[in-house]
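So, here's a batch of structures to check.
Same chain, two partners: subunit A is paired with subunit B first, then with subunit C.
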Partner chain A sequence: MKEKKYGFRAAVCLSLLLTVVLIALMVGSYHISPFQIVQTLLGSGSKLQNFTVFQIRLPRIVLAVIVASALGVSGGILQGITRNPLAEPGMIGINAGAALFVVLWISAGTTDYYSTLPVLTILGMPLLAMTGSLLSVGLIYLLSSKSGIRPVRFILTGIGVNGGILAVISFYQLSMSKGDYNQVLTWTNGSLWGSNWNYILLTAPLVILLIGAVLFRSKNLDVLALGDELAAGVGLSVPKERLLFLLLATFLAALATSVAGSIAFLGLLGPQIAKRLTGPVHGKMLPMAALISSILLVGADVIAKNLFSPLEIPVGIVVSIVGVPYFIYLMIKER
Partner chain B sequence: MGIEIKNLQAAYEDRIIIPDASLVIPKGKVTMLIGPNGCGKSTLLKSIARTIPAKRGSIYLHGEDIRRMPPKSLAKKMAVLPQSPLVPEGIQVKELVAYGRFPYQKPLSGLKRADHEIIRWAMEKTGVLELEERRVEELSGGQRQRVWISLALAQKTGVLLLDEPTTYLDMAHQLEILELLRKLNHEEKTTIVMVIHELNHASKFADHIIGMKQGHILFEGTPKEVIHVENLRKLYEIEAVLMENKDKGYPICMDYSLICE
Partner chain C sequence: MKRNTIILTAAGVLLLFAGMIMSVHIGAKNIPVSEIYRAFFHYDDSLNAKLVREVRLPRMLLAVLVGGMLSLAGTMMQGIMRNPIAEPSVMGVTQGATLAVSIAAVSSFAGGIYGNFFMGLLGAAGSGILILVFTMGKASNQSISRILLAGTALSTFFLSLASVVALLGNRSQELAFWVAGGLRQAGWVQVAVVAAAGGFFSILAFSYAGKINIISLGDDAAAGLGISPERIKLLIILYLVPICGVCVAAAGNIGYLGLFVPHIIRKLIGNDYRRLMPLSFLYGSTILVLADIAARTISAPYELPVGLFTACMGVPVFLMLVRKEKR
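== the complex of A and B ==
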């Protein structure tokens, strides 16, 4: 991939993202024109416009970008370390582990979800989700590794654990009140409902830090693609690197899940599309994956919010509707 | 000095493949490991490469214990070419060869001018320079093998380990690879250690042959010393008919049959 070509494609995708963001700012139960959006952003909007843009739409969009970037990069890493284009955090139990813990917590009796969330909840959720993800990844790791991770076994075990956790979640849902049930449903399908700046302040620095750490070591991911033996031959500590990247991918997916629930397929689509645009070098592919995933999620959220307005469908469902056909296409193509 | 192996015990998980092996692989020579399937020759190579950690015993490279060496320092002294490395999707020849410079790179630094020169040199040496812009997936088996050797060369090591580099290649390409390795040995004084199946290749191209059976070292020495009817009987359980090459004197296996009791 030539530098120029990469720069051009990145620029196109970036302007595409800005376009989607603009649309997301405009469209809704209260329509704002593009000109008014620019005015509002520059600080001369009306009170209503200010509130709509800064308190409702913008946090949601920013959070979508953070969540999508985290999932896109996480999926890209997982596909790299397992050498499998079908790997993604939603499929191998990482999202489910996070969702399970949140569900357990909701079913343990918090009732604040319709009012403003107390600070403890906002701080507690990501921690809880992170613990859940780490535990489920830990379980998969224990079950699938004898000495280091065997990629295929890891994925198969992950799919199994994922199924198990989803079953436990369903079991809890059966014995829940309707309010809890709805809350859990939003969680397991993924939704950006209730986004606010607090979530962003909490997740943005961590996601940026983690993605930075990944990009700093991205060359090691490239080397891993040569196979374990050759990677070790050129001086990579294969088991150590793989575990490290697995942890980074887990943290990223857990952060995303902690604020937006379990959004499936995004971690699959983003990196796969990005790979076709940039080639396999992770230093270029992963940022592109973040960009593509962001476009997809912001776009999907516009649809989720407005298609059946005033009813809102979980954005994860919209992503899945786009994702499933692509997933099948990939399966057929990979033979 | 070369590579010194002392009381090595090698195993996959709990299955012991090599119970106790000690030997010295001479420096600056071409050493070939031969023996029947499952005899432990690949395991021995992988132990030297540190792909499989040694259960017991130690391996010294030029007097230094390889277990104490950081992975990247080892990769600057010893290159490894496994039997079936993976080709990253869509990668070009020169991009693949560039991975040979990985041990010399820092996390964010790109390839320096000196690196580019070495990559070019490595491609030239193996005759793949004219293919540098091609995708590795499109290449033939023989070309691809030369690209992998080129990657190993770009590591600029004194030692090169290869696991069956000629398998899956036709006769002419097998010869081409072996000639190439011999040339590298002569011109760069690279110590070459490889696992090989074809007995005649070993006796023609090796300076030093190590015969292995059931995890034990049966014999070692120059082709002239060790390739004789008695040793082949023990190694492969075959009855061989040998001839001597008129110019260079290495033994050639003309015909062979299974030993029937």
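== the complex of A and C ==
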């Protein structure tokens, strides 16, 4: 892939993202024209416009971009280390582990709602989600290791663990009050409802740090994707590197899940589309995957918010409905 | 092997019988066995007799039917796909039916019990066709990992759509019960429909046990013996669809039952589907009856979804099978 072509495609995607963001800022129960949005962003909007843009819509969009980037990169890593284009944090139980812990926390804890959760809870969520997803990855790792980790076995075990965790979650869901239940539903299906600047302050630095670390070592990921023998031949310590990248992918998925719940298929769509645009080199592919996932999630959130307005559906559902047909198409095409 | 089969059958019948009696006996109010007997043969209008006839009995019979049929469906699916992990709930068939039933529950155009059954059939048929298209297409699509990934994707898809439907109809917690599976809606109508429609196709399916035996040897072997594997597969899927459809419409999405029951039976008596299918049916019934007793009593007066128990038993078996994957 030539540098120039890559730059051009990145620019197109970036402008696409900006367009979607603009639409997301405009549309809603209170409609704002593009001109007014520019005015508001420049600091001369009315009080109502200021509030809508800065306190409600912008944090939501920024959070969507953060979450989507984390999931896109996480999916890209997993597809690299398992050498399977269908690997995805949502389907192999990583998101589910995080969601389980958050659900346990919600059901054990308060009857308060999302926005009024105490500060400690907001701070604790990402930590809790990371613990949960780490445990579930550890479980998958243990169960699938038999004279080393085989990618296919890893994924299949992940699907099984995912099913088990979902059953446990559904048990807690059913024994909950209706208010708690709806709160949990947004977690298990993924939603950006109730996002505010606190979440962003908490997750943004970590996500940026982790993505930076991944990109810094992305050459090793390229080598890993070649296959175990080749990678070992080049002098890479395969088990160590694979574990490292697995951990990075897990943390990224957990961070995303901790603020937006379990959004499936986004980690599949982003990297797969990106790969078609940039080729397989991870240093270029992963940023593109983050970009594409962001476009998809911001767009999906606009649909989730407005399609059945005033009712909002979890954005994860919209992503799945778009993602699954693509997934099936990939499976039928790829052999 | 022959002796094993006899022992297993005798034990299964005994267990099922004990389970059936226990299921009628145990509940929010324990009914003594003598009164159960009276409710059958000397019916009076007492509360206990009514309880037995109108509540406990249909529920127990539904558990017997649904458990047996789901486990039979799993056995057949594994036979025609030559894949130990194939199962209606893993492949997305029951989730398709769940979606259709949730649409029926929310909208008014197909309401009522019969509407549920009709929609369940429709949904199961839709996802059955998808799977058929997928597995018939290419030989490479029959590998375990691909079938599993496709099934997981399909079930996620159907359940996502079902959640949208439920959210719009403000029924999401009810849907969660559908998704997890439970027998609390059991009544005589459900028993009758499941027994009639499901029973008919189950018997048809039993008559194909010999053919499934041949197919499970491999497509080439089957063709060599003068049997068209494609035709048999198509027929079996056609029988599977109504069986799964009525089961989901009556009892929700009870997962993994068709995975671990046939697996255990297969370990004990081998791969002969002529014995495997009836025994899977028998033990599927037994396990669902027992699981339903547990679901009703463990956190009484609340009812747990019975699918939770089948998942608890099924997921470990699933993981064990996956561990055997070579790649």
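One rule holds for everything that comes next: the second predicted complex is superposed on the first by the 328 of 335 C-alpha atoms of A that agree within 3 Å, B and C clash if a C-alpha of one lies under 4 Å from a C-alpha of the other, contacts with A are read in each partner's own complex, and residues count from 1 in each chain.
Just so we're on the same page, a contact is a pair of C-beta atoms (placed from the backbone, for glycine too) under 8 Å apart; a residue touches a chain by one contact, two chains touch by 3 or more.
Quick caveat, the model's predicted, so the values are computed rather than measured.
Aligning the shared subunit A places subunit B and subunit C next to each other free of steric conflict. By the touch criterion defined above, A:91 reaches subunit C but does not reach subunit B.
Contacts of A:234 after superposition on the shared chain: subunit B is touched, whereas subunit C is not. Once the two complexes are laid over each other on the shared chain, residue contacts for A:321 go to subunit C alone; subunit B is not touched.
When subunit A is checked against subunit B and against subunit C, the one touching more of its residues turns out to be C.
Once the two complexes are overlaid on the shared chain, A:44 sits clear of subunit B and of subunit C alike. With both structures placed on the common chain, the touch criterion links A:332 to subunit C but leaves subunit B unconnected. In the superposed model, subunit B and subunit C sit 90 degrees apart as seen from the Cα centre of subunit A, a figure rounded to the nearest 10. Once chain A of one complex is fitted onto chain A of the other, the partner contacts of A:171 are limited to subunit C, with no touch recorded for subunit B. Once chain A of one complex is fitted onto chain A of the other, the partner contacts of A:217 are limited to subunit B, with no touch recorded for subunit C.
Legend: residue contacts after superposition of the two complexes on their common chain; A:181 is shown touching subunit C, with no touch to subunit B. In the superposed pair of complexes, A:55 makes contact with neither subunit B nor subunit C. Annotation: superposed on chain A, subunit B and subunit C show a minimal Cα-Cα gap of 14 Å.
In the superposition on chain A, the residues of subunit A contacting both subunit B and subunit C are 146. Contact residues of subunit C toward subunit A in the complex are 90, 134, 137-138, 140-141, 144-146, 148-150, 152-154, 156-157, 160-161, 163-164, 167-168, 172-173, 176-177, 179-180, 255-256, 299, 302, 304-305, 307-308, 311-312, 315, 318-319, 322-323, 325-327. Listing the residues of subunit A that touch subunit B in their complex gives 83, 146-147, 216-217, 219, 222-223, 225-230, 232-237, 275, 279-280.
Only residues 86, 91, 143-144, 146, 150-153, 155-157, 159-164, 167-168, 170-171, 173-175, 178, 181-182, 185, 189, 264-265, 308, 311, 313-314, 316-317, 320-321, 324-325, 327-328, 331-332, 335 of subunit A touch subunit C when the two sit together in their complex. On the side of subunit B, the complex with subunit A involves touching residues 13, 46, 49-51, 70-76, 79-82, 84-86, 88-91, 99-100, 102-103, 105, 107-108, 151-152, 155.
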